[in-house]
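Paired with chain B in one complex and with chain C in the other, chain A is shared by the two complexes that follow.
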Partner chain A sequence: MKRYLFLLILLLISIASLPALSADEIIQKMDEHQDFSSTIIKGSITRRDRFGELTSTYTAWAQGSDTFLLEFTSPAERGQKILRLDNQLYLFYPSAQELIRLQGSALRQSLIGSDLSYEDMSSHKNTLDVYDAKLLSSEIFNGRQCYVIELSSKKRNVAYPIQKMWVDATHYSLVKSEAFTASGRHLKSIEVEKTMMINNSVIAQKTLVIDQLKKNSSTTLEILSIEVDVPIEAHLFTLQNLRW
Partner chain B sequence: MSKTMWMLALRNVTRNKRRTFLSLIAIAIAALSIVLLLAVVEGMKIDLKKNLTDYYIGEVRIRNAQYNRYERYHPLHLSVDQSIVETLKHTPLVTSYSQRVTFPSLLYKEEKTYSSVGIGIDMDKESSYADFSSIISKGRLPNVGSFEIVMGSQLAQNLNLDVGDTITTLSTTANRASNAATWSIVGLVSFPVGSMNNSYFLAPLDTVQHFLSMEGKVQEILLKVEGDEIVAAQELTTLFHNPSLVVEPFQHIQQLYELLELSEKIYYLISLFFVILASTVVINTTMMMVFERTQELGTLRALGLRPQKVHTLLSLEGLILNTTGSLIGALIGTLIALVLTHTGIDFTEALSGVDMEVSSIIYPVVYLKHIVFSWLFTLLISTGAIIISTRKVTHKGITESLRYV
Partner chain C sequence: MKKNRVINMFFVILLASLNLLYSHMTVETAFDHAFTFHQDAGYLFSPYLKGTYKTDSLGSLKGEVSVVYADETLLLDQAFIKARTEKLSLTFGKTHLKWGEGVFFNSANILFPSDDILSSALSVSRYLTSVEIPLGDFSFVETTVVTKQTEAHIGLRGYTSLPSMKLEGGVVISDENIHPYLSIGKNWYVNISSPFWYDSNQHSLLKETYLSGGIRHIHFLLYGGTLSFVAEGELNLIANPLRVYSELSWATENRLVVALKAIGEVAPSPDVILEIASQYKILDTLTLSAGLSLKDVKDPELSLRVGLSALY
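And now, the complex of A and B:
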């Protein structure tokens, strides 16, 4: 009983100590904390399904959060590239003579069989441009004080019309997220398993993604190394470069 | 039975030429229709089995034991090692085999994607199994080791593609990753099966294996075997003694075999319907032929001919007419069917848009048993109708028969 009382007091203190921010302000801070002028990431995508576990590695270069180039380095996909430029996604395959521009329903295809879709890679820089935010509550999740925010899409053609996010109240980093259809069907869940501090910002180092529409499937994204705010040549993000 | 009765029956048959001619025509058409129908149905059955075994399942199929369970996910990593082909080469009961990789693919054209299915085949050795070169409608078969394909002619037409064009395909590899490649279209193929024509393309096996990260592996091996398929599959299972492989005769490949069985039932049902239709025509014509002579038969009985003799007379007339009519019909039907065996019957229009494993051109198959059946069946039906109608007529009183209009 004493234990429960202690936890209750702790919870009340923690709520009382949270700064009085609106949902929009929290989301804005979260977006700002993930916003670097440029990044170079070496990472891995580990996908698990009924047939076992497979890991692919990649190097990704990003300019802001709208432009990036991802090149796979693992043997099975070596040389395959994904370019996001001017809000468009282009795929390059070494054996294909033409670039594949993904649009419409093709964006819903899975990225190398993982729980991520290409659509997930084309998310908007400013969350509040697309969603209305509502602060639901604050709670402790995995030992971290979090704001629980519900996002409802302003537009109709959005991959996830409703999202529920757990945002770290101290670092304004994403801790957990659940995506739903407008009718409330659970589509995807994301959970940050490990974080790292870069330039005073906490970013997700290891993230578990589960596509709720797939059975026995999950994907872990892991950052193996990261450089931020480093100069990157602009020609890297061109269609001409993609072919090379 | 006296010679006089035979002579009388023959004279009666030739006396009213128009009536005799109409009866003969009705009986002959019934026999002809049955012969033709059975030949077409037999042709369709053989065609369906050939298409299923040539293009889909083989007479015996070898796959990874786990593949069938997860087939809807197209798990190309659950494959068969090509080295087992060496064993097949030295197995007398295997008459031919085909190593294949069948994979779903998205065709990318002008920023749009279209669903299709690719089959990787060994261009050098496939001809001993299914002769794809015979169904090439334009161009040629792809060269080994090249990024060349032949495409279903309808698929090419739908995508506005032709020989000399290129197309990029997107597929999931055996590593469950994705890959894309650009292929040159070197030929168009008119698959006998409409559904294949609308969505399939063929590519060299070695290139497909490289493209899908399946070097040295195939998705399945289709076999044609000597004798009974079930026995052959059992013998091969014992021979390989490999629990990671499943050797299945086509009768055990549930889905498609069920289709084969179901189609046979449907074909027989259609045949039965037409046989009943033909029978009603024969019964109707034969009975009318007897009933319209009620007055004449009444006169014969008034002159002293006993009912038994009238019965015999009509039966003999019927026998002459029915035997001749059904024989002529069965023979003409056989002749037409034999011609169609070579020319085929074009169902392209009728089957357009129908997703069935039946060819659009059906070649009827004539069996002697079907000719004999058609002849005997028509003979039996018409003779039965004569007996029933004669009995009715002879059971009438003489005065009643004479008053009959």
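And now, the complex of A and C:
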């Protein structure tokens, strides 16, 4: 009995000791936390379905949070590129020399058969420009003290009108997220399984994504190496480089 | 002693080069076997093999070689290198370039026109030298010299991407013709091209004008996968044959693609080719394909094609 009482007191102390931040401040800190001037990532995407597992590898270069180029390096997709520039998303298929600009419903297509869509790659630099945030509670998830925040979209044409996020109360990094339609249908779950520390920021090293509309499907994204705040040549984000 | 050192050095350089090439390459092999049945000719068996070696980008250089074995003949399909600086990109060797838009009919693809209704334009390759000069992030000009048998064709084109569409135009000059084209669009597209024939008496004479266009639509299915639709047409405004192409394909997100295709000539002599094609990804790098096509409804010819392609 004494032991439970001790644990309860410890829990109350930990909740009471969380800084008194508003939902907006927590989301702002989370956005700032991952705001690198540039990144170069080598990573992998592992898709699982009832037939087994397929893994693709890639290199991605990002300038701020609005401009990036992702190039697949695994044999099956080698040379396929995705460019995000000026809020537009372009795909390049080398075998067909085909450049496609994705718009409208095409953005909802799955990225190489994974649980991610191209829409998921169109992230917003400032979450609060698109969503209203509300602090629901704080709880311990996977041994980490988290703020639980609900985001409701301010705009109509948003991929995920409602999101529930678990944000690490110490490092302001995303721990878990669930996305819903406006009517409350569960669309997607994201869970950070492993983190790494880069320039005093905690970032997701291994993330599990589950598209709730698919049966027996899940995707793991893993960062194999990362460089941050390094100079990136501007010509990477051009048509010349896409067609290269 | 000195000789041994040179030999050792040679092997070190050779091994380093092989290691560099091995770590930056893709080797692709494709085996296709077609079994054709015609009521007069009976069964025909035609194997098709293709091997491709591609390097990744080695700094500012990359290359590709592919050979094809078909009809008991070994052919060099492509062999080219590409080089680039920030100011330009250079392509040299035997390959193809895609100008204009279109999945099946593309009247703007004036450098590599295809006479065979069943072959896509990209299957034609020729010896060429091409220089592309970027003008901003999404615009460029390109100049090309392509050899067709003994004749040299000079091509020039400009390409720019506008907020809601792309715009492309150019010209190909040969001994007899000046062949301009214009291509616009994105999810929908229209190409127009028209060769002008020159002689000493009449400085220019319009020969034919080709017009092609189409739409592409991808529909996202609620429980995964996509349904895509392509409809295209090509019209020769002088000789007036209208050819159409339609394709409906369903793809599960990971492994299977099934496509129904119909290629038809509406005028002057109506004809149609029907095809059902499928691809299944057995492993990440191993794909099985199969297709059944029916040519010429009046004098039918049925073909079954099975193939396997592998990547290393």
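Following the convention adopted for this analysis, the second predicted complex is superposed on the first by the 239 of 244 C-alpha atoms of A that agree within 3 Å, B and C clash if a C-alpha of one lies under 4 Å from a C-alpha of the other, contacts with A are read in each partner's own complex, and residues count from 1 in each chain.
Just so we're on the same page, a contact is a pair of C-beta atoms (placed from the backbone, for glycine too) under 8 Å apart; a residue touches a chain by one contact, two chains touch by 3 or more.
Note that the coordinates shown come from a computational prediction; the quantities given were computed from them, not determined experimentally.
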Check your understanding: Put the two structures on top of each other at chain A: do chain B and chain C fit, or clash?
Key -> clash
Exercise for review: For A:A96, select first, second, both or neither according to whether it touches chain B, chain C, the two together, or no partner.
Suggested key: both
Study note, to complete from the structure: Of the two partners chain B and chain C, more of chain A gets touched by chain C
**Study point:** Touching partner for A:A106 - first (chain B), second (chain C), both, neither
**Key:** both
Review point. Who does A:A76 touch here: chain B (first), chain C (second), both, or neither?
Key: both
Check your understanding: Looking at the overlay, does A:R47 come into contact with chain B only (first), chain C only (second), both, or neither?
Key -> both
Check your understanding: When the two structures are overlaid on chain A, which partner does A:Q28 contact: first (chain B), second (chain C), both, or neither?
Key -> neither
Practice item. Kindly classify A:H235 by the partners it touches after superposition: chain B alone (first), chain C alone (second), both, or neither? Key: second
Check your understanding: Between 1-9, 73-81 or 253-261, which chain C stretch has C-alpha clashes with chain B?
Key -> 253-261
Exercise for review: Could you list which residues of chain A make contact with chain B in one structure and with chain C in the other?
Suggested key: 47, 49, 51, 54, 56, 76, 96-98, 101, 103, 106, 113
Practice item. Could you pull out which chain C residues touch chain A in their complex? Key: 26, 54, 56-57, 62, 82, 84, 86, 89, 97-98, 122, 132, 134, 137-140, 159, 161, 186-187, 218-220, 222-224, 226, 252-255, 281, 284-285, 311-312
Study note, to complete from the structure: In the complex, chain A touches chain B at residues 47, 49-51, 54, 56, 76-77, 80, 91, 93, 95-98, 100-101, 103, 106, 112-113
Review point. What does chain A use to touch chain C in their complex?
Key: 47, 49, 51, 54-56, 73-76, 78-79, 85, 96-98, 101, 103, 105-106, 108-110, 113-114, 211, 213-215, 217, 235, 237-240, 243-244
Practice item. Report the residues of chain B in contact with chain A in the complex, numbered from low to high. Key: 70, 73, 75, 77-78, 106, 108, 111, 113, 147, 166, 168, 170, 172-173, 175-182, 211, 213
